[in-house]
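Notes to accompany the following structure.
Every chain is named by a letter (A, B, C, D and E) in the order it is written, and numbering of its residues begins at 1.
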Amino acid sequence: MDVTQGLGAYPAIIGWLKGCGVPAWLAEILYRVGAGLLVLTLISILALVLVYMLRKVMGHMQCRLGPRVTGPFGLLQTVADALKLMQKEDIIPAQVDRPVFILAPYLVFLSCGMIFMVLPLSPTWILNDLDVGLLFFIAFGSLAAFGLLMAGWGSNSKYSLVGGMRSVAQVVSYEVPMVLALLGAVMLAGTLSTQEIVRAQSGTWLGFLPRWFIFLQPLGFIIYFLCGLAETGQTPFDLPEGESELVAGYNTEYSGMRFALFFLAEFGNTFAISAMATTLFLGGWHGPVFSFLPWLWPFVWFMVKAMALTFCIMWVRSTWLRFRIDQMMDFAWKILVPLALLNIFVSAGEVALIRWIGG
Amino acid sequence: MQQDYLTLAIYPLVILGFSVFVLALAWVLRAKPPKSPVKQAPYECGIPTRGETWVRFRVAYYLYALVFVVFDVETIFLYPWAVALHRLGLFAYIEAILFILILLVGLGYAWKEGALEWK
Amino acid sequence: MVGLPCYFGLSTILFVIGLFGALTKRNAIVVLMCIELMLNAVNINLVAFARFIDPGALLGQLFVIFTIAVAAAEVAVGLAIVLVLNRYRDTVNLDDFTWLKG
Amino acid sequence: MSFPVVSATVFAPLVGAALIFCLSPARKELIRWIAAVTTGISLVLAAYLVLAYDLSAGGVQFAEKINWLPSFGIKYFVGVDGISAVMLLLTAIVGFTGVFASWGIQDRVKEYYITFLALTFACAGVFASFDIFLLFVFFELAVLPKYILISVWGSTKKEYAAMKLALYLTLGGAITLLGILCLYFVAGINSLDLLELARHEFTRNQQLLLFAIFALGFSVQVPIVPLHSWLPDAHTGAPTAGSMILAGVVMKLGAYGIIRIACWLFPQGALFWAPVIAVLAIVCVVYAAFVAMGQKDLKYMIANSSISHMGYSVLGIAALTVASLAGALFQFFAHGIMAALNFAIAGMTYDRTHTRVIAAMGGLAKVMPVLGIAFAIGCLASVGLPGTASFWAEFSVFVGSFPIFPTLSILAISGIVFTAYYMLRALQRVYFEPLRHKEFAKLKDAVWHDWVVITVIVFFIVAMGVYPSLLMNLITSGLDPIMAGFKGATPVAGLTTWLAALGGVR
Amino acid sequence: MDAVKLLLPEIIVSLCGLIILTERIFTKADLQRKDAAWFGVGGLLLAGIFAAKLFGVNQTAFYGSYRVDDLAVFFKLVAIVAAGMTLLFAPDFLVRKGVKSGDFASVVLFAAAGMMLLPSALDFITLYIALELISVSFYVLLALQRGEVRPAEAGLKYLLLSGLASAVLLYGMSLIYGLTGSTYLTAIRQAFSAGEWPVLSGVGCLLILAGLGFKIYVVPFHMWAPDVYEGGPSPAVAFLATGSSAASLAAVLRLFGETFAGLSGVWLPLLVILALITVAIGNILALPQTNIKRLLAYSSIAHAGYILLAVVARSGLGTAAVMYYSLLYAVSTVTAFAVISAFADFTAGGETSAFAGLNRRAPFLTFVMVIALASLAGVPPLAGFMAKFAVFAAAVQAGYVVIAAVALLLSVISIYYYFQVIKVMYVDEPAETTPITYGWGTQAALILGLAGVILLGLFPGPLLRLAQVAAGFTRF
């Protein structure tokens, strides 16, 4: 329910607020606002870290060093970038569809932020453990498509429009195998709550193998991960903003902080995909808990796993070539969708098997 | 599983508030040079833009969208089934498998009819 | 607290808006959207009734799932037909079709 | 089960139609002969029925009963009583002669004979049915063949005439159907068997209402004057054999229905409504006679004279005495064959001269003596000359109805004068004046198939004129059960008393 | 399993549809092929046999949401007959118009499955799903013919109006659900039989009536019929005109015969008036039509009015009459459309004038058409007459003598427009005289239809008996 429940923070904070003479309803609201801001801060920090990480990883993979001037090891590079973006001129081209153009970044960022609401960072650290958490994740994940289309259309620029349309086609196409792939995990866990799914992965098989769903659902994991790449527009599926053909796709016409929102959302989404893969297939926050700060370890394990996946994304990004659009669509519909449907059969068999063994 | 509808209501507002705040901050901080027509022209590698931008799009996009709608809605049947799978009998298994087989036939038909070709 | 009358009132308003739009608008896609609006009014009704009138049973919610599915099928076919027509006639305006002569 | 004579009589033409249906359209001669043979069989069987009917036993004989629609208690129930036998004979005669009268048709012979045979079949079916539903089925079945017959092979405004006929007759049918439904539920005996219904007691008000509905439904077909306008057009538009069967048989269906259903089942209603019917009958007689006098077209004239003649029958029905009813029924027969003859001759004449305008012809008897004589016989029969069948019919009607409706009867008798005037004038103009047109001098007289028509019909006209009691006895025996309902009661005489009585019903 | 046994006919039919689709996927598309349709006919036959075996079963399955009784089985058979005959004559038409007959056949089978489900539906959800299965299939069937604008227009028009109608229907259902707390018809009936009910239940009931009224062409919801009939491909329209309305009538019988019996004060007077208006509008507006398909549309409307007369009778006889009428009307109409579709290459859009002199070009077609039209016009002893008799008998029995009388008189008008077509075919001179050819599928459909119209008319006893027995099972 609340980010800090495990520390007893919820009653403590509410009690403290009430002690300050704040009415009960306002205390509740203030608490939520605070928790929300905490998550947004997390997203922002993640974005800063990820950008730095991306540059470093890509740099080293390409036998470069990446940023190294600003701050120690170039650590402050992204902070500087953020500050630079803040000061950039805000250009709204003359012929844009203004309301659409202006609303688009908000929508994209909203979709990204909402996803984080159901990410179980640790046994107790989750903004809102909805019992339809996974559906919520899917729903807001695809909400981004609206934002991208609005951006592409509203810009009234050829690059933007093509980029927007492509990204919608891509999001829409990869949505289907993704949803079907997630189904396998749902079948095994028997719930849609993200926290419950993680809990379903506790324990081990045969005494040594963690009960992670990836061992039962390798296919589902791979499909989901590929779809995640496509949904977030990562290489090799980065056609919507393929800079060699479309300049910057749907955000060609955006500048300054508006662009930064897109940027933020993109990195937020990248992390969210990794995090959700972790939650569903890699046992989420499960891991050894040590006596030193026991409440922190699950979070650590979660971040480690998610970051490892994020690293994989970057790895893929620096090694793979971009697909052609027809290849990309074919890949979704003619390979991933049948495979995902097959995966459902496999999962159903597994569930039956587990019931048979267990009961 | 704990439902917190208050969070559900407040959190989107927090996100929007955050975005607005960030943009407002940028508005305060950023340079504000005078507008010029050239700067406000759409970006086309520096060449003056030609022709209509809002053109009609190729039909392939719509076809994908149609296939998507169908598949996406099917999942609303599969998800409840998946959640309740542990508690259901053999009949539910068979039904869902039939359902998926029918989906497969639909996919095959769309494939065969060329709805999945990027022409 | 939000009670049944509120939900019912909302759904009635939505339904009437949808009905009015479906009967007066001349654009095929808008009409299709109006019909969807009406279906969503129904969905609100069903869910609200399920919540307030028989909380134990899930009949209303079950119904909604089917409504959504059917609505999707309807829209899929509808848009496909509009697409075909659009290629012939270059319009989605109902007045431009030769029908409705009585 | 013995040989189903009645069914055979009725279905023989249908069998013929079915055979023809299977033939190639090119085999015209074979088609004609099949039609002739099947109607001939029908004629022989009908004659057998007339002769074999056991007068002393009475009632419905040769009955065949099969459950048809058990849910409604509807049966396939055919048979003959005295009246049916006579009517079947009439149908068979007209059907048989009609085949020969249309021998010369060249256009779509196959379809023509199928339609014609189907029509004959339907008419025969009406007369043989003793289940009201079955009767109605046959009644309505006749409409479509009539429509096709007129609209395809007819002449002068044929499509208009055919459509008008179809609409009027269906209207009558719809009213009758409503009557049948009301009757069925009012009686509530789950049966539409005439004999069973006749035993059922209807209340006076039920009778009044049901009689009105049935009489209204059937009167379209009679036709009684305000509903008659389809008839001249249809009769004139129809091909020769069509006119023959229309005037000879179809016109009788309605009046037959009135007697068979309305009078038999609802005697109280009949007594009550009789004055209205009588008045309408006289309007028929006089009005149609006047119209006939004004006609320039030979067929229109004969058609209107038919309406006028049917008026006598209707008057006979209205009087509701044995003599008048017997006269009415005998008139069906007499007028049936006589009108068939007249239309046949008119058709034959038209085939040769290609005109039907009376004034355009003249002196044809010189080139076509046989046709001339035949037409003369037809005209004299029309007028009701003693020695022809019509004489006995009209005589009987007047004898029966005079005591009941003296004034109206006298008016009706005066109609004969008009008839004599226009019939004889037409006879004279067409056949017995000097030959007016040179091109008519080369016309051929009756060929063999014309001979068949003329001989058969003239034989019956004269035979029944000389020996009417053969059919009269049959008819009277058939009337026995119907008259039983009246028990000597006579209709309320005079319209004023009738209107007073209407007040009483209210 | 018992439930599977009850559902077997539907399962067979939908399975055949799927098999046809699957086969389409794995073989090369060949526009000339007709075997998919024949396969469909075979499947329908098999389903018909299994359905017929269900007579007298009278069981409820799936927690009371699905009922197989004689009433349902009867309507299942009507759907099978309509679908089977459509599939027989459709391939000839489809080959000429360049539609893959596999596509058509499979969608027809899906629609047929919906039509078989609908009479058995005993709760709102099943009912709605079945209804929409039919509707969605017809959107596709109507618009399947590519290369021409009219079919697509017809499809879109049907889609928009049908979508509107089902939304209205659904809203009514949601109201009823809200008031009774159940979607099961049995529970709803019990709830309404208890006594006083709020105004809203009447509103819900009328909304459902409106929604179903659309499917069975009740005036003022009939507006779509002429345009859709005219624009749509003949086989699809034939199936739409017969199967869809028959199945919807079954639903009407279930809902208004039984479920809403307690509310009859609300809907019965309205329905009586609507029935009469429907007869009047259908017959009168059919008069000026110059297009045979539009004409048949108005005739469908008029026939819907007659059927409603039996519905409002609310008696065993009335129910039997509705069933009986549905079947006989289906046979006659499908036969008429078989002729129209055999003639389709020569008539652009079905103008009646194009039928001129058909008698000289195809005597058998003409004969079949005459019989079919005569049956629709109610000429005895053809099927249509017997049906009309049963309907009016039901109305008179229920005491609607005046209503029946007016309807009967209005029905006289129909003679005009039906016979007008007959006249055109027989009397008018043809523009050309090339004989019309058609395949054996069409031939079979024509012969079947002819035999059906004549034999069912001549020997109506067993069928009517069956319908009356089945009508006894409306109480569930």
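Observations on the structure shown:
Rule of thumb we're sticking to: a residue touches a chain if its C-beta (ideal position, glycine included) is under 8 Å from a C-beta of that chain, and two chains touch if they have at least 3 such contacts.
According to UniProt, the chain labels map to these proteins: A = NADH-quinone oxidoreductase subunit H; B = NADH-quinone oxidoreductase subunit A; C = NADH-quinone oxidoreductase subunit K; D = NADH dehydrogenase subunit M; E = NADH-quinone oxidoreductase subunit N.
Model, not experiment: these values are computed from the prediction.
Comparing chain C-alpha centroids with the centroid of the full set of protein C-alpha atoms picks out E as the closest. Counting C-beta pairs in contact, the pair that comes out ahead of the other among A-B and B-E is A-B. Chain centres here are C-alpha means, and the one lying farthest from chain E is A. In this assembly, the chain whose C-alpha centre lies farthest from chain D is A. Chain A and chain C have Cα centroids separated by 33 Å. With centres set at the average Cα position, the gap from chain C to chain E is 26 Å.
Mean C-alpha position of chain D lies 42 Å from that of chain E. Once the centre of each chain is set as its mean CA position, chain A and chain D turn out to be 94 Å apart. Multi-chain contact residues, meaning those touching two or more other chains, do not occur anywhere in chain D. Across the assembly, chain C contributes 73, 80 as residues in contact with two or more other chains. Every pair of chains meeting the contact definition is listed here: A-B, B-C, B-E, C-E, D-E. Here chain B touches chain E in the complex through residues 91, 102, 105, 108-109, 111-112, going by the rule given at the top. Within the complex formed with chain C, the residues of chain B that make contact are 59, 62, 65-66, 69-70, 72-74, 76-77, 80.
Against chain E, in their complex, chain D makes its touches with residues 25, 67-72, 108, 111, 133, 136-138, 140-141, 143-144, 147-148, 151-152, 158-159, 162-163, 166-167, 170-171, 174-175, 177-178, 181-182, 184-185.
Across the complex, chain E is touched by residues 8, 11, 15, 18-19, 22-23, 28, 31-32, 35, 38-39, 41-42, 45-46, 48-49, 53-54, 57, 59-60, 62-63, 66-67, 70, 73-74, 77-78, 80-82, 84-85, 88-89, 97-102 of chain C.
Chain B meets chain A in the complex at residues 1-4, 6-8, 10-12, 14-16, 18-20, 22-23, 25-27, 29-33, 37, 39-45, 49, 53-54, 57, 61, 64-65, 67-68, 71-72, 75, 78-79, 82-86, 93, 96-97, 100, 103-104, 107, 111, 116-118.
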